[in-house]
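Chain nomenclature is as follows: A, B, C and D, assigned in order of appearance, with residue numbering initiated at 1 for each chain independently.
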């Protein structure tokens, strides 16, 4: 058993959740799990179908995006993961998918408005959508720049990545993260559900108002913060 | 076998129906089953995933919301269940979910219009949507007040909870109930289906008229009332 | 083995297809299979869940709607089936469901326009929607009158029930039929698919034109008529 | 083992993917696999249900549409396959389905706009929709003419069938192709997903802009071309 076996295992199990939760078609998604002490993360290899994936296929990469161990090429989105791990020290799991409803909002270049308590149970703001990058960033080190696009959008909006664990990259698709890979996958599924309900809400009532502050505060604090009383 | 075993079993089985009927994502739902003679109900513990849930995990709570038996913390929505059981003496099962279409109508703060016989087979009015609560109620004993928000909305509309076994809480999500936990789960699935068909009906014909009185009366009486002839 | 065993078996198998094809929630559907020589049909009993249904539960009813054999009460829609069998001599299977998209069109009181070849592979006209009945018909022998509402709508439109094997009953839901119960179930699934695609087509292009005559004729004749060349 | 066994096997396996990927209802789809050296392709027989299909049922047809081997009648769309194989020498797999969202766009007679990177990962242009054919072509050798309708639309738009591996035939449904039958099936699933997300994108933002050139170029080149770095 190698020293990276625990994050290979964690990344593998989290990756295998994506098809079960209907968040991916074919290979259009990837999950990574970080070992903060060793400064590395395990990530899905590029283009390998989920039904052929094994624990040993996971690739170990450091926070500068350099492959440390593994026979396969890591996910093409690896540099984005590396940038986020390097700058956001409290996360140890990242997920990227092209899940249907979240991707539709990203393609529409629109934030997802906070319409209900399902949303507020997880974050207190609209789900942000970063603008597409400038052309030089795209034609340069694209996936690396995608990481900075995310970091900068959070900085511009004054958002804390520990409180808002998801973003849409405009014209592209969602990224989510969390303290573990499992939590990051959970966030991807929540995002997809909230994205679907927000679209339906607008279809029922184009003037649907956002959730009011008292409800946002109450629901978020039920699940998070010092006085939370959700769960065991 | 304890004296609460029958309602623990009933609550467990009813809770396990929610994922099978696609009414919940993760732990976003809960069912309770009441024993009227003993003045208690069994309810899902808070935040426990459905695939880990056991009969013994069910928590026994009285109609004032005080836990009577159980090692785990009951659902965060327990006080809402308690209020409803205390005031509506003919119900012995309650369900809360964030099912996709019903929640979208709740987020849109809109009643679900009675458009067809599927709806009229179960109730003769629009499915009511209660307004979000005032800020003091929210920041106070929120789940307890949610119960009164439901009771008061029924009182304001002059609805009988024995005839209309479902409500949307504005910006939040649906609650349903019934003579048993199984019936309450059935009502949640009916509500979700009716909510989806009502949205589609409006998309096909924004001026779709409501069902006329004669059809409402006929379909409801086929399944309910003294001359019903549906079922065995 | 009784003399009705073959239609009990046929009706049972056809009924069991409804949940597999996602055409019913709970017991909201029923299929019958007729024996023309004996002048009877086998139909699902009322309100029995699909996972409890057995071949022996099927009820034998004649074309006047009188129960001939069976311990259970037949479907509440039995009189509608009887009327259709009595007047349309070339059909031996009937299905009623509340399938989501077809029911939404029925609730919208709208014919389903013929937008594409999937539709034209099965019929050459819009899928007709009969108006809701007059109040006296509803409060009278409702299910019996529903049969005549269907017969009369076909007469009014000059449609041949051998060519158009489906209808929407306004504010209610679809009925389909065919030479066998299996074919009637097939028609219910086709209707649901066509109903969904027609709604989506309008959402993409509110001015979408109907299929032109040459394509309607070609596709229908590929599958039907003297020069058909589809299938074996 | 006959000399066509390898393409019969390939066509069989590819056909069986269609129901697994939710791309067909009943028999509304077909896949073929070509052997370029022998100038033939194996194709699904007409109207045979997927759960009854066997490898030996596959029919061998040459590029002029003449059946070379097989007991069953080939798919009614066989002539379309033959025309495409004859004129597009670099493809060895073709798929035709009536998948829900792609067919809705075809019925709406609308190209699918390139709204995001999921689309650009696979092609750099809108997904083209060919107009319905003239009446004489329809009433003549319809399926043969459908092949030319596709060829001519690509010629008119200056598209390369090696880069754009999918088309919508107006009022009808999609065709996709590729170097193998498996790749053609993959393209059908991608098309369906892109078609659904494009509709949702427009519903969220009717003025959603198309993807900008730099992103189109980048994403396509990540997966294709000399500097691709996706996959193993």
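Quick notes
The working rule: a contact is a pair of C-beta atoms (placed from the backbone, for glycine too) under 8 Å apart; a residue touches a chain by one contact, two chains touch by 3 or more.
Being a predicted model, the structure only gives us computed values, none of them experimental.
Using the contact threshold fixed earlier, the set of chains in contact with both chain A and chain C is B, D.
Annotation: the chain A:chain B pair of sequence copies touches via predominantly different residues, less than half of the used numbers being shared.
Centroids built from CA atoms put chain D at 46 Å from chain B. Chain B and chain C, compared by their mean Cα positions, are separated by 33 Å. Within chain B, the positions touching two or more other chains are listed as 203. Checking each pair of chains for touch leaves A-B, A-D, B-C, C-D.
Considering their complex, residues 25-26, 28, 45-48, 72-73, 76, 98, 100-101, 103-110, 132, 135, 138-139, 142, 171-173, 199, 202-203 of chain A touch chain D. Across the complex, chain C meets chain D through its residues 115-118, 121, 186, 189-190, 193, 196-198, 200-201, 203-205, 208-209, 211-212, 214-215, 217-218, 222, 229-232.
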